[in-house]
Every structure is written in C-alpha cells, then in structure tokens.
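You will see subunit A twice below: alongside subunit B first, and alongside subunit C after that.
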Partner chain A sequence: MTSSVDIATNAVSAGGPVDTKIAVHDFIYEHVMYHIAEADVWNLPFVNVPQLDIFRYDGVMIAVGCLLLIFFCGFFYKPNKSVQHGWANLLEVFVLFIRNQIAIAFLGEKDGRRMAPLFCSFFFFILILNLLGLVPLFTTATGNINVTGALAAITLGFMVGGGIYRCGVKNFLLTFIPPGLPLPLKIFMAPLEFVSMISKVMALMIRLFANMLAGHIIIFSLVGLVALFGLWAAPVLALVVCVYFFEIFIAFFQAYIFTLLSAVYMGQLYRPEH
Partner chain B sequence: MTGIALASVGAGLAAIGAGIGVGTVGAAAVQGMARQPEMAPKLQVTALIFSALIEGVALFSLVICFLQM
Partner chain C sequence: MNAELTTTQAVVEVKTASTPQGMHHTVMDISGEMVLLTWLMFTVTAFILYKIAWKPILAALDKRENDIKASLDTADKARQQAEDTKIQCERLLQEADAQARELIEQARKTAQETSDSMRNQAREESRLLLVSAQQEIAFEKEKAVNALRQESAQLAIELAGKLIKKNLDTEQNRALTGQWLSKL
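Up next is the complex of A and B:
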C-alpha cells in the first residue's frame, strides 16, 4: 500500500500526461486489488489517515455485531409490549417482512418460523455493513470476498445440515437425482446437480462481493477523474452524488437479495418434493 | 496495456449480455403485470430474483476482467 501511495503522489505532483495516466491506473488497480485480496490495514485514497483498528474489516464487523446485539436485544426487544413504538416499530416492519415474505414464503410455516432469526441476522448484518461502507472513513466489509465467502458458507452449512436434518441422509442424497429421467441420464445428472449446489453458493458469494465492490469502484474512479484532470473534472462530483444515492438503494437491495436467495436455496433442499 | 484494453472490452461485452437479459426479464414482468395486475407482487419478487441471477453472471465476468487487468 505504501508503494501505491507513492505512485499516487508522484502521479499528482509530476510527470507527463501519459506517465500520469499509467501511474494513476496503477494506483487504482492496486487499490482495487487491495480491496479484493487483503484485509489487515486500510487507507483512504490520495491522503494518509492514521490507521485505526476500528476501520479494519474485522473491526467494522465486530462493531456491527456488537451494535446489532445491543440494539436489538437491549433497546428494541420488549416482550411485554404487544404494540411497539418508535424505532422498534420501524424494525418490526422489516422483521415481519423477512419472516412472512422470505422465510415462511420459501420454507413453509414451521421451518420458516424457526429460520426467521437467521434470515434477520443475514439481512441486518449485510445491510448495516453495506451502509457503513458508504460512510467516509469506514470500509466496506461486504466488499471483501472473504467476508461474503464466510456468509455464503453459513448458507451452505444450513443447506446441507438442514437438508439432512429435515429429510434424512438418504433422502437428502436422493435430491441430487432428478426424478423422471432414464437411468443413464440420472448417472450423468447427479454430479451436475451437486456442482450446481456448490456453484449456487459461489454465485451468492460473488454477487454480493462484486456488487459492493463495483459500486465503490465507480465512485472511486469518478473521484479519481478529479485527481487525474484537476478542477476541470469537478462537475463529475454531481454524478458521484447520484451514484452515491444509487448505492444506498443497492445496499438495501443486495441485503434483500442475499437473504431471499439463501431462503430459496434452503427451501429447495428442505422441501425436495416441492 | 493490451491486457487492460481487452479487460475493458470484456467488461463492455458482459454489460451487453446482462442488459439484454435484464431487459427481457423486465419486459416479461411488465407484460405479466399488465395482463394480470393481481399477480403483481409475486411477479415482482420473481423478476427481482431472476434479474439478480443475471446480474450475478455479469458480475462474474466483471471479476474475471479485474483478475485479467
């Protein structure tokens, strides 16, 4: 990261136009690759800030986990009140939506009620991480492939474990054999179905990661135009504001999509006859 | 620089494919909702799922473009 900062300062301070472009490209490329690959320290582009632990990926995640626990259990959870007020009322809308429209709709009444806390955790955890990524100085933990990989691994664990718990080992393995096909085709299709299950989870991982990363790269490149061309590119900041608001929508949408697709994939294995 | 140029072309091609796919999904969803307005909520959820799946394919290619850059 120090090398990329050097490259950036060199690019901004001196050099011909061609050199500048190549150097800024290298800087952007290193910043992006750093976002994908590494998770220990974090830098603002173009300026140096003190590296505090709270801005690291794991720091942000632990902070969000603690905040969710404190807020949901401490402040919002009032089992004696049948009608909630204030913030708890707002939360109730989200929680009811997740339970009724996602969990019960795709997992059935009994399993849906049981699994609703998991989907609520997924939704709020991803949503708040996404939104924190839009606050300056904080990093986007969901823009790192390790984080989304861990989240998708939880989904895979619940798919396999829940499928075995619900249907038994034999019936779980039978779900990989599509019914109503001749025998040679069944032998051919069974490995494909298995690969399909794994690739669904991989798709879940890459979808969230690439969506968050792509949005931030768009903002980063548009701001980078100002660094590249100077004040002549200042009007592009208006576009940045538009993209920023679009990113807020994307944050909600991706949290919703991750939760929804987890429920869909789990439902396929929990209710194989369906 | 050829790697960057090819990666850019690849990102553009991926955008074309995803655009066609999401456009088809959107057109079909709007048609379905116009014909049967009472089905609109179900159609919306289904359209969202499928557009997210298509978007996922486009984002795979985006990630591969990053790796090739």
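Up next is the complex of A and C:
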C-alpha cells in the first residue's frame, strides 16, 4: 500500500498535469472507499483479484485468524509440561487474567470457572481478527458489522440461555420487572428493561465494529493527505505510525472490552440478586 | 471547487468501477452468510481451542494453585513442627542439665557424708583404742604395782627375816610390814 502511495506522491510532487492529480486522488479515494465499502473484494493495489460473489474477504480473514489461533495454541502450549516457556507463558497469563478478572469477577466462582473457556475464545478470536487487520493488505474482519453482530448474538444467546438455565424461565422473566415498583410503573418498565437488554448487545456490536473501522479510516485518510498535498504533508506519516501503534493497543483493548462487557451482561442475568 | 468536483467524480468512478456485476457487500450490509460463517468459525474454533488449549491450561492453573497452596501449608506445618521440636529440645536440655546438677549435688553430699562418717568412725575407733590402751596400761600398771608390792613385801619379809633372824610370827610381821608399806 505504502509503496503505491509513494509512487503516487512522487507523481504529484513532480508537478505533473492536472489529470495525474485527479488520478492520484481517485486512487486514494478508491482505496479508502474500498476499505469502508467493500467487504468482498481483496483490494490489492495494482493487482486484479478475480471478484467472485461467494468470495468474502472478511470470511477468509476469519478462517486465517482461526487457523493461526489454533496453530499458535497447539504449537506453543505443551499440556504435559508443568512449567511453560515463552509464548505459552504469555498465553497462560492472559487465560489467568480472563478467568480471574473477567469470568470469576462478574459471574461468581462457580459460573465463572465454567464460562472461562468461552471468554478466552471470545478474547482471542476478536484479538487475532483485530491484529490481522493491522497487517498490510489484510482487512479487519471485526470491522464488518455482520461479524461483530454474530459475536454479539452469541453473547445474547448465552445471556438468555444461561439466564434461563440458571434461574428458570419464570425467574428469568421476572428479572425484567424491577422489584418494589407500583404496578403501572412495572408495566411501563418491563418493555424498557427488555429493550435495555437488546440495546446492550447492539452497543456491543457497534462498539467493536466502529472502533476497528475508525482506526483504519484515520490511517487511510492521513496517508491520503500525503498523496494529495505531496511532500509538504510528509510529517503526517509520523502521526500515521503513532496511530498504527495506538491501533495495536486498541486491538487488545476492544477485545478486552467486548469480553468484559459480555461477562458483565451475562452476570447481570445469571445473578439477578446482584 | 475543483476538489469537490474530483471527489464526486471519484465516487462515481469507484461505484461504477467496483460494481461490475452490481453484487457488492459493504461492511454495513446485513449479510446472513457472513453471520453464519462467523458463527460456524467461532464455534469450531472455540471447540478446538477448548480441547487443545483452554481445558488443559485452566486445569494446569488450578493444579498449580492447589500445589502452591498445599506446599505453603506443608511448609507452614513443617515450620510449626520444627518450632515445637526446638522447644522440646530446649526443655529436654534444661531437664538434663537440672538432673545432672542434682546428681552431682547428690554425689557430693554422699561423698561428704561418707567421708564424715569414715572420719567419725576412725575417730571413735582411735578413741576406743586409746581408752582400751589406757585401761590396759592402768590395769597393767595396777598389776605391776601389786606384783611389785607383793614382791617387795616378800622381799622385805625375807630381808627382815634374814636381817632380824628372829623367830617372829610371820603373820604378825607381814601385817606390820603391810602397815608400814601402805604408809610409804
């Protein structure tokens, strides 16, 4: 990506004709727009990838992410060793953190231990997709609202299913009626509570999607500045590097936030007395 | 103005260029296939990861936690035991020390008593010896005196008889001589 931008920048700074400038503008705009608007095209610069209807690039990214994750865990983690080394140690740190600070903290000792694998899967699944989006030429699958929506739906499924399994249908439905209110208010509040539950999940979906997309739009826009204004805007590349590193942090942070909020929402329905 | 114009052109161009079949999905489009694919991939990955990673890792973490807890407990117990043993050792040492002192004291006392009694016995024996010797001396002396007396009386009588050559009543003379001798 950067090399093609450089070529375009050189063309502009060389003082080419106006149509060259328009061409560069189109080129940048096209790539930014592709990134935002196209989920099914592998938009390699200067390379024409055959566009098939069934070919979803975000889907490919998910598959790559899953394979990487399975490979990473299977290759580095040795179950028969009592003391792990290197990456497996880091993996253990994350798993321990997720179990203690997310699962047990919000779901209680018993449910937390039982649900910890799900949260580990959530965290690492989202994390690997976020990080893959930062590799040049790859796209961010979590920047696709269908992917985040599917993940949020899994959370919703566990919220409702787990709530019913844990408290029974009657008690689960009673959690939508706040106790200690007069009847008319209860009738008013029950749908509100239901909407609140759905909106929490929607927020989960949009938060991850928007955060992952926004970072990329910022980077593309900043790089676009160089292409548009030539070398005068070159210092902005330093800012791009900063944003890139910030995006690495955001990748971890959003994976953490999604996992944490899933646990919080599940905990609210699993333990309505709290 | 020019920039705005080119932007519009670009949008048009991008749209026309990127939709050759008119079948494109944006990241905002709702796509059931994408959702199903995510669910499928997530479920499969979560299942595989549960088998190869989360289950063994969580089990290992639990085991390690329990091991550490057990080790700490054992160490605590061992330290407590060591302290108890130390206290017991000190107590035993003190007892042994006291016993040794007592024994020495007793031995000294016994020795003292033995030496005292031996000394007393010796003293008594020597006193008895002395007394018996004195008695014997006195007895011997008495015997010697008596013998001497009888001897001397005999001698005196013989002497007197010889000297006087006179027929005197021996009985009378002896009485007289005895009278004189006792006056001596």
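Keep this in mind: the second predicted complex is superposed on the first by the 204 of 274 C-alpha atoms of A that agree within 3 Å, B and C clash if a C-alpha of one lies under 4 Å from a C-alpha of the other, contacts with A are read in each partner's own complex, and residues count from 1 in each chain.
Keep this in mind: contacts are C-beta pairs under 8 Å (C-beta built on N, C-alpha and C of every residue); 3 or more make two chains touch, one makes a residue touch a chain.
Note that this is a predicted model, so its numbers are computed, not measured.
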First, second, both or neither for A:95, with subunit B first and subunit C second: second
Touched partner set for A:264, first subunit B, second subunit C, both or neither: first
Touching partner for A:186 - first (subunit B), second (subunit C), both, neither: neither
Which superposed partner A:210 touches (first subunit B, second subunit C, both, neither): first
Of subunit B and subunit C, the chain that contacts the larger number of subunit A residues: C
First (subunit B), second (subunit C), both or neither touched by A:117: second
Touched partner set for A:151, first subunit B, second subunit C, both or neither: second
Subunit B/subunit C common contact set on subunit A: 25, 29, 33, 36, 209
Contacting residues of subunit A [partner subunit B, same complex]: 25, 29, 32-33, 36, 101, 203, 206-207, 209-211, 214, 256-257, 260-261, 264
Contact footprint of subunit C on subunit A as seen in their complex: 22, 25-26, 29-30, 33-34, 36-41, 51, 53, 56, 58-59, 62-63, 66, 69-70, 73-74, 77, 79, 82, 84, 91-92, 95-96, 99, 113, 116-118, 120-121, 124-125, 143-147, 149-151, 153-154, 209, 213
List of subunit C residues in touch with subunit A within their complex: 6-7, 9-11, 13-14, 17-18, 20-21, 23-31, 33-39, 41-42, 44-46, 48-50, 52-58, 60-61, 64
Complex contacts: residues of subunit B adjacent to subunit A: 4, 45, 48-49, 52-53, 55-56, 59-60, 62-63, 66, 69
